[in-house]
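The following pair of complexes shares a single chain, chain A, combined with chain B in the former and chain C in the latter.
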Partner chain A sequence: MKKKKNAIHIEYGDYGILYALLIFWIFLAITNSDFRGISFYQNILTRASLNAICGIGMTFAVISGDFDLSVASQVAFCGVILTIIIPIIGIIPSILVILAIGIAMGAFNGLLIAKLRIPAFITTLAMQMAYRALAQMINSKPVVVDNKLFKRIATYKIGGILPTAFLILIILAVIGTIILRKTKLGRNILAIGNSKEAAVISGINVPKTQILIFVLVGFFTACSSVMIVSSLGSSNYGMQVGLEFTVISSVVLGGTALAGGKGSIFNTIVAAVFLATIRSAMDSFGIDSYWQKVVEGVILVIAFSITEIRNIINNILVKQRAKKQLVSQKQTTN
Partner chain B sequence: MSQRAKKFWRIWDNVGILCILLVIMAVYGILEPQIVNPTQLVTALKRSAVSGIAAAGMMYAVCAGGFDLSVGSILSLTSCVIAVQLTSGRGTVFSIMMALAVAALCGVINGILITKLKIQAFVATLATQLAFAGVTLVYCNKAIQLTSKYNAGLKFFSTGKFLGIIPLPIVLLVVTYIISYLVYTYTAFGAKVRAVGSNEQAARTTGIKVDRTFILVFVVTAVSAALAGILNTAQVSTGNPTLGDGFELDAITAVVLGGTALAGGKGNVFGTMVGAILVTFVKMGLNIMGVGEAYQKMAVAVVLVFALTISGIRIIMQRGGK
Partner chain C sequence: MKKKILSVLLTAVMVFSLTACGSSSGSASATTGTSKAEGASTGGGDQTASGDITIGVSLYDLSNEYFQYMLEGVEAEAKAQGITLSVHDQKNDENELVTGCANLIDKGVDVLIVSPCKPEVMGNIVENAHEKNIPVIILDIGDGGSDKDVIIVSDMYGGGQIAAKYALDLLKDSGAAGKDYAIIKCEESAVYAIQRGQGFDAVMSAAGYNKATEITANSDQTEGYNAMQDILASYPDIVAVFAENDNMALGAASAIEEAGKVGEILVLGFDGNESAVEAIKDGTMAATIAQQPVEIGKLGVELALQKINGQELTYDNNDTKEIYADVYLIDNTGEKNDAYKAD
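Coming up: the complex of A and B.
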């Protein structure tokens, strides 16, 4: 069967964002010498990896037709705890604790959404506030991490070239893709995204799957929190405000349909790199951060409306083609 | 749903939220008697005018089956527009008109994104939240203190008294809700909003111009957020680009708490007002008790989750426990 070959492959073969990224890189490299060194691309990859890890989890949520607006606050909450416990229990135990906390937060979100049947976006909007407030209750001052080894997790470059952050991203992305394409859970998530009613009828346990989706979001968000704290070297309850925008834009820009049912983790990552490139480029062109915010909002709008724009263009093309056919038919009959 | 349950929810719609407010008052009264005295209550009402007026507009959005997450940014934008206009020597009325016009434009943008580009309402307004906040910061990147020279006219809104006794914000709040109630119940617009919210397809088939209704709804939401912004600016005498951060949560909480169905089609005007008062009162009580900002935020989140839980239970009961 041919289908098996495509298992890890993207199902609908849309590499648009990858081409866009490559063209953008070439364009930058031609126009400005700042964008030719390898360190520029290393920075972009590191920067993108931090968000893209969170994007892996978000891809699951968006595929199922939901959203998680609380990821930024989850990152802050995990980050604040992480900086407190690292000096006490060491690096690896604290990372494990953080992952457990991430899973717990995700499970809590999922329970609210699945059991009370409240739309996900409004639940996670409330939790966004709640987790941020919790972080502030635990510690309202910024904390610096002193552990050199921990800081290296996200900043070390293997052989001086490959950033570890990117390597970790790839590993997590492979795990995510396997979950999405190879497991029952992944198929259930796709089914729910296609049609919730159909999923219920075909016997899928929808509430359970929804809870698991948010557990996945929580897990990947916790991973990304570890990476972000490691790269910043500090944490603060007010950190990463607005991360959810970047993460959701990269998922949607990566072609995961907002209506749910299809999507790919690979494209999410490419889109995250694309967004990081835009940001870095804006930084080097000296565009101030307020304008950057506006640009990000506009990109988000474009990403969200891209399916509709495509539909409109398609409709026009189809109409034109029909007209041409009509004309040629008339000519032949004449 | 059984008859008894139906009756329960009907009564709940009318007085449920009021009962919760009374319970909270009683709890506060026991914990800290000074919170529940007439002066404090008047202050609470005055403060709730801001989120209350914004919630009045938000109710229309939710009732139409939409959502507006950008009200916080619109509020900040209004605040900045008014402050910049006043400090550059324009008259109070002109500045207010400017602010309202800018807000209406924001509403139109939201509406067009939702109807013409077919982005889901909450997603579109999530994006515009970011964009409007950016525009606000580009326009005015730090808080502008309004000295009494510029603030004379505007200050009237927050300190003025109607008939010499009733503070103006309370009057504004009540008037807003009376207008909102009349529009919701007696006008074609109100009926259209309900129709669109309960079944968009059916509304379209009946000949309602759904797109136009939607755009109008978002203009209403944006303008009411702007009115709230004007009032808030008057209260704090400052034009602040971050004044409205997180404000959308207060408005949404008030609407959900008030008993407006999240699925659309059914609004509760006065419930929304009581909801707004409740949110403000909870925050203020915690403030007086001297707990930190974090706990107040937490309280709003808890109240929202509580409100969502009630609406969730209601939906589950309506579906017959399935």
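Coming up: the complex of A and C.
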């Protein structure tokens, strides 16, 4: 079962996006004084964590060859309920309720996809509308959270240095990585992403795995919702529109192929930080707002074509290696 | 060796995108023809200003004309006073609003001026700013119930009054016999927008006119159209309709046009959008009330200076810490008309 590693992997261990981020940060720190203080990076990490937590779940979905377009609406639905129940039942019970709701929403999406065989694209697009409409029915007005402790969850900095949001992200990412790499479920998800037919033949319960994938998406989206509401200090049924694109872009920019079969939660997180950095940095470089949108569009295109770009680079590397071998063979024969 | 190639490739893409954009921002503003687009390019915060005062400005969405004008006002006043600006564009994204304001606060600006894309987020931002003794000035939109230092909003109630006074004059000139009018309202959560109808209502009823009905159309053009159809069906004799924004007014105007009643029913809007001005010139709308984002921006910087100098601000409404910016009438010729004032 040992897969032949490709040239890029051998050379760089798939850390390309991490190198890119570090180089980008160094570039920022050199060129602009705004980026030399620790607080800029704290704010970036906090901001990226909000999306990246959702990205953990999305990574599972994309690895399996699907994606979930309803996450933004799930966040809004959870968020609206969260702000209503916190004053009534307290912080910890509220969070547990929200996680349960997230799991239920994910399971419902998964059931529609796996049992009724509606493509994930259609199902989650439909649910995107439905969950947001439900959120609006529950409360059509913005609600402000009046609980200091809850608002600290995403905004506190441990020892004045480490943002709690980022710490929570890392803990959840470790859990996610263990599920992906060390459990049977993780192996099944990878197998389905590689080839659904092969997975069926090898006796994997594909529908059950699919449902569990969307349960994971729902769970991590609910976690994300808690962090987002904590950071905003409020909720609104119209919140986080377009989150699904930010999240899916960070997943694919992190090297998880949209076709499925491979991916890394670690790289998703790095890519989320990368995207957050770009968004926050553009104002400081005096890029006017029309061009900022162009840049974001270009990044999206790069993100979605990253697999192909990698393949092209890979082919170049393979050719070079072959040439080198040829040269060294010639030298030995000479 | 190969490692270098890959890293160069990866960074080249990003660096290229950044430099490419930086250098072409000038041409972008030239092509838009408004010269407001270059606003964001002063955002570096590294300007050489005589004073050592820095004001952080975070605006709703700088690709929206209204906020470009607002920034223009802020920049003009800051330049006149020798103040350094640090400009942030929220891009209509609440996460960006939070992060951008956090960055400005951490940077240690002297005052934070915000026009929030999601007002309800302001509570947290104001708390964080006040922890560092940074006053917060909100421009327009709403305060989300936050403990801000001041909010500048257009005089919505006064705008409604101006619209009504003008409508009364037009009705007198045309000699219309009917005394009924209708109001198409924005959604209830738009707390400032709904004051427009109240101002209109007050003047009209004082002049002996009678409000036949009011319908909420969620600030939306299509819903405004539907609302007007309902109104026409139930109250065919109305002589005027006031919509609390131009989108709904345009919707109402098309419904009236379809019913063949252009000229019989006056349509008045609010906002002063270009499309509304077009409709006025076409004769399907009678008038609209325009806001002055440039003035709001200027006033924001003036108040910021007062706050830095420790002066007490004089509010138009002490309970809500509101200061009102003037609005003006765009009459049925499609031009600004200063003859009508709020009470």
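In this section, the second predicted complex is superposed on the first by the 286 of 334 C-alpha atoms of A that agree within 3 Å, B and C clash if a C-alpha of one lies under 4 Å from a C-alpha of the other, contacts with A are read in each partner's own complex, and residues count from 1 in each chain.
We adopt the following convention: a residue touches a chain if its C-beta (ideal position, glycine included) is under 8 Å from a C-beta of that chain, and two chains touch if they have at least 3 such contacts.
As the structure is a computational prediction, the values presented were derived from the model and not from experiment.
Peer 1: Check the residue A:I118 against both partner chains and state whether it touches chain B (first), chain C (second), both, or neither.
Peer 2: first
Peer 1: Touching A:S280 in the superposition: chain B (first), chain C (second), both, neither?
Peer 2: second
Peer 1: Please name the chain, chain B or chain C, that touches the greater number of residues in chain A.
Peer 2: For chain A, the partner with the higher number of touched residues is C.
Peer 1: Go through the superposed model and pick first if A:Q320 touches only chain B, second if only chain C, both, or neither.
Peer 2: second
Peer 1: In the superposed arrangement, does A:A130 touch chain B (first), chain C (second), both or neither?
Peer 2: The answer is first: A:A130 touches chain B but not chain C.
Peer 1: For A:M239, decide between first (touching chain B), second (touching chain C), both and neither.
Peer 2: second
Peer 1: Counting only touches as set out at the top, which of chain B and chain C does A:Y290 meet: first, second, both, neither?
Peer 2: In the superposition, A:Y290 touches chain B and chain C alike.
Peer 1: Figure out whether A:V298 sits in contact with chain B (first) or chain C (second), or with both, or with neither.
Peer 2: Touch partners of A:V298: chain B and chain C.
Peer 1: Under the stated touch criterion, which partner chain does A:V144 make contact with: chain B (first), chain C (second), both, or neither?
Peer 2: Touch status of A:V144: second partner only.
Peer 1: Show me the chain A residues, by the header's touch rule, that chain B contacts in one structure and chain C contacts in the other.
Peer 2: Touching chain B and chain C on chain A: residues 140, 242, 290-295, 298.
Peer 1: Applying the document's contact rule, which stretches of chain A touch chain B when the two form their complex?
Peer 2: Where chain A meets chain B, its residues are 67, 69, 112, 116-119, 121-123, 125-127, 129-130, 132-134, 136-137, 140, 237, 242, 245, 248, 258, 290-298, 300-301, 304-305, 308-309.
Peer 1: If we count contacts the way the header does, which residues on chain A are in touch with chain C in the complex?
Peer 2: For this pair, the touching residues of chain A are 8, 11-12, 16, 19-20, 23-24, 27, 32-34, 37, 39-40, 43-44, 46-47, 50-51, 140-144, 151, 155, 228, 231-236, 239-240, 242, 276, 278-280, 282-295, 298-299, 302, 313, 317, 320.
Peer 1: State the interface residues of chain C toward chain A in the complex, per the touch definition above.
Peer 2: Touching chain A: residues 2-3, 6-7, 9-11, 13-15, 17-18, 21-22, 24-25, 28-29, 32, 37-46, 61-63, 87-89, 91, 93-96, 98-100, 102-103, 106-107, 118-121, 123-124, 128, 144-145, 188-189 of chain C.
Peer 1: In their shared complex, at which residues does chain B touch chain A?
Peer 2: Residues in contact with chain A: 67, 69, 113, 117-120, 122-124, 126-135, 137-138, 141, 246, 249, 252, 256, 262, 292-295, 297-298, 300-302, 304-305, 308-309, 311-313, 315-316.
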